[in-house]
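Chain nomenclature is as follows: A, B, C and D, assigned in order of appearance, with residue numbering initiated at 1 for each chain independently.
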């Protein structure tokens, strides 16, 4: 393992200590492995609670901030947080306007967030759930409930967070977030495995010179493995799958997110974006907004994912609204 | 090589194409491998020109933006840009208030920026230079002119950029940037090598389970190599060297930057920060501002660096001023 | 079955889980994220803690295990195991022969896991393992077998079901995203159940 | 020496640079960033382009090389090589025996590289190689040797100086940051000079 850590078991808690020491004016921890905006609860605002396994920063904690989510339940590496943590996060951010649980579609997370929702509702909180289900590679279009959530959720935080910040009702925030999510698809490619600190060995093997298209952010098997191809081919293939899934084409406006999985230099992400852009433009799709960088990682996995989201003027306005979190903002 | 690229020779130019396609409203390219703020030149404002080799994003191009630098000359991977590129950048951002060349202390860069300065001055521009020379590991304190520049330069862009944005004169911007630089030191640790796309093989070998303290961002040899130690030991060692170099202690205020070299997860950077913070606080040093993330990388090298900058109220004010660049801002 | 005996069996199961961690990681990695051994090591640690703390009786012990695991090891398998303990805790209190109690507990665990995870038998999940164990215990109870013998048969049922899952296409959980990858390898969660029951049965000495 | 002959020698040198690229990367990696071969491959490519385009005369050819390399391969070594060509271009025009011209060109190159890079002889840089080459050419000119012979001796001087740098502590450039690492390995830039001159001398057939 090439890791800057102490005891693997202490990894998540020491990471959290570091985060709280680094950003004391932006974040606070009302309970173990729960982090919320320092200014939560914000009266009259829909509270957005997220969470999931560690090892994906800036996902999930990085999306706690102004114009984004309000609280996060932090799981062990690649493992769901507990229902109790989600409940604690809910209590800490609830401001009477209802709560949106927004997280990725993984069985452990769904079970724990659902349980937390029951408990929170029993305490009188109003709770709605929207799942990130953007990964084209994880299930056919006919089975959306089985699709897993990957980097595209970054755009959903932005949409939901801006809506909530504007004082919209829970129903309104849910509606626009669901609409954004329905038009959002992603697909990734992995070039190397990653190693869980507690396991000490790579989750899977992916020899140098090979790539796996469609691999998930926990190393879930993808749709095809083969020799590493040029960036232009990879970009064309990913865009092709995404555009097919979204059936988008001439006249459609989209936002694009090119995400690095951890070890891939930002330079390569831009080389990839070049082909992604070309693939969209050649189909008559107009790229209205672009983000390139690390938004959802898999520890030190090499690789990237591409997310495309259909835009309407309302969603575009929410994407353009101000947002700021200590883990995302570099200044 | 586990790289998402096309032909290695096209790497830098395709990366630039991607950047310009992704951020058309923020950046433009007035000449080959030269990128400037879309709104440059900004009348009456000192223009800040930077540059250096590729492979370090967000360094250097990522620091072109509001409240930061105005233009960048983009070199090949780990190679200086040419004097001609620096001159083109100078022409594109010069607004009559003088130019600050702010870049890292590497012989190729120094030769080319110096040559460009001569040429620019011959064209009637006023040029001053401040070098990033923060790497404690690269030379003894008695030979500052031999110290190389690493991630700490991110803080100098912030200081100089804010000063220039406020309309300060070239002499004033130089003075405060030099003062900030005099109180700025960094030191890094590498856990893996990186591979230049055009070379195809790692620059050096660093077996798993080993680390090299003090390695430079191009893989320049460090001060010691040995078995990988726990994050707490690494943090303590890096802070020790930096604090010694700065002779800082009780009563001093500092800003801290923990930087990832490329492949190291942000989680690990926070685990490292935890010990860095402890090391500073135990010496009575007060940490007033903290940044954790990737600010200066070495392709896909695993490792991190720690930068510490002495603060006075003026420098702190400049650090807190707004700044925004498309490659740094994640929204 | 009293609390001390149950604790002894559970301790044996915890030890087996710890020993099997690398194998469980490997099985999970075939089609999942390779962390089932990591999670089960944590489950074992929590179980030892709860056992060391002791409890007023069997239901209390089971519910303390469920709550502790839900809190401390909340991944998919951890949450399901926690659910199983919590349901077993509610089911075990009504008396009867030990084999009947065992059958009731595993029946309740099966129902709980199905409700929480929404997997059906045949989906290649823990549900398959629990269903066959539960059926085996029902049969043993009907036949009036001693609990030690019933446990041994249940372990045997868990092992053969785990083997059978190697031929099933996964429909739930991470493995379902690349169903073909899983073929030929037993489901990690079912293997975990087989390991736990085998250790408990061996300890019971039947 | 006319333009065509110079072009022929330079083409041979370019070929040698390309062949030596892995070795130059390796030598640079010992104490630098391992890219000298990458840079010199680019220098060779530019040189071929400039040679293919042709030039009005020797000074024009040298200055086109200098300008092209300064523009296209601006790393430390590229910039210094460009400086060397630009200075040589200015020094070569004044006539004289070919050996005298060569000596003047390398003398000017040495001065230019020293001025630009601020390294002194003994700092373990290209300056050491150029200084010994320049001294050797001066001596050959004084002895009235033919340019082919002078070139051969200059190449020999470059080779032995490159060897000698293996015992020097670097004071400039990346290698100076870990001076002990460099010991035992010849300086990459000096090795590059030796390779180039050896190839040109071999081509000249002395």
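Definition applied: contacts are C-beta pairs under 8 Å (C-beta built on N, C-alpha and C of every residue); 3 or more make two chains touch, one makes a residue touch a chain.
What you see is a predicted model; the values in this text were computed from it and never measured.
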{"item": "Chains in simultaneous contact with chain A and chain D", "value": "B"}
{"item": "Separation of chain A from chain C, taking each centre as the mean of its C-alpha atoms, in whole Å", "value": "32"}
{"item": "Euclidean distance of C-alpha centroids - chain C vs chain D, Å", "value": "74"}
{"item": "Whole-Å separation of chain centres (CA-atom averages), chain B against chain C", "value": "54"}
{"item": "Multi-partner residues of chain A (at least 2 other chains)", "value": "none"}
{"item": "Residue list for chain C, restricted to those that touch at least two other chains", "value": "none"}
{"item": "Contact graph of the chains (line, ring, star, complete, other)", "value": "line"}
{"item": "Pairs of chains, among all present, that meet the touch criterion", "value": "A-B, A-C, B-D"}
{"item": "Chain D residues within the chain B interface of the complex", "value": "25, 29, 31-35, 37-39, 41-42, 70-80, 116-117, 172-174, 176-178, 181"}
{"item": "Complex contact set, residues of chain B against chain A", "value": "1-7, 11-12, 14-19, 21-23, 54-55, 57-58, 62, 67, 158, 189, 191-192, 208-209, 228, 230-232, 234, 262-274, 277, 290-295, 297, 299-300, 302-304, 322-324, 327-331"}
{"item": "Residue numbers on chain B that touch chain D, as the complex places them", "value": "53, 75-85, 106-108, 111-112, 115, 137-139, 146, 148, 196, 198-199, 203-204, 216, 218-223"}
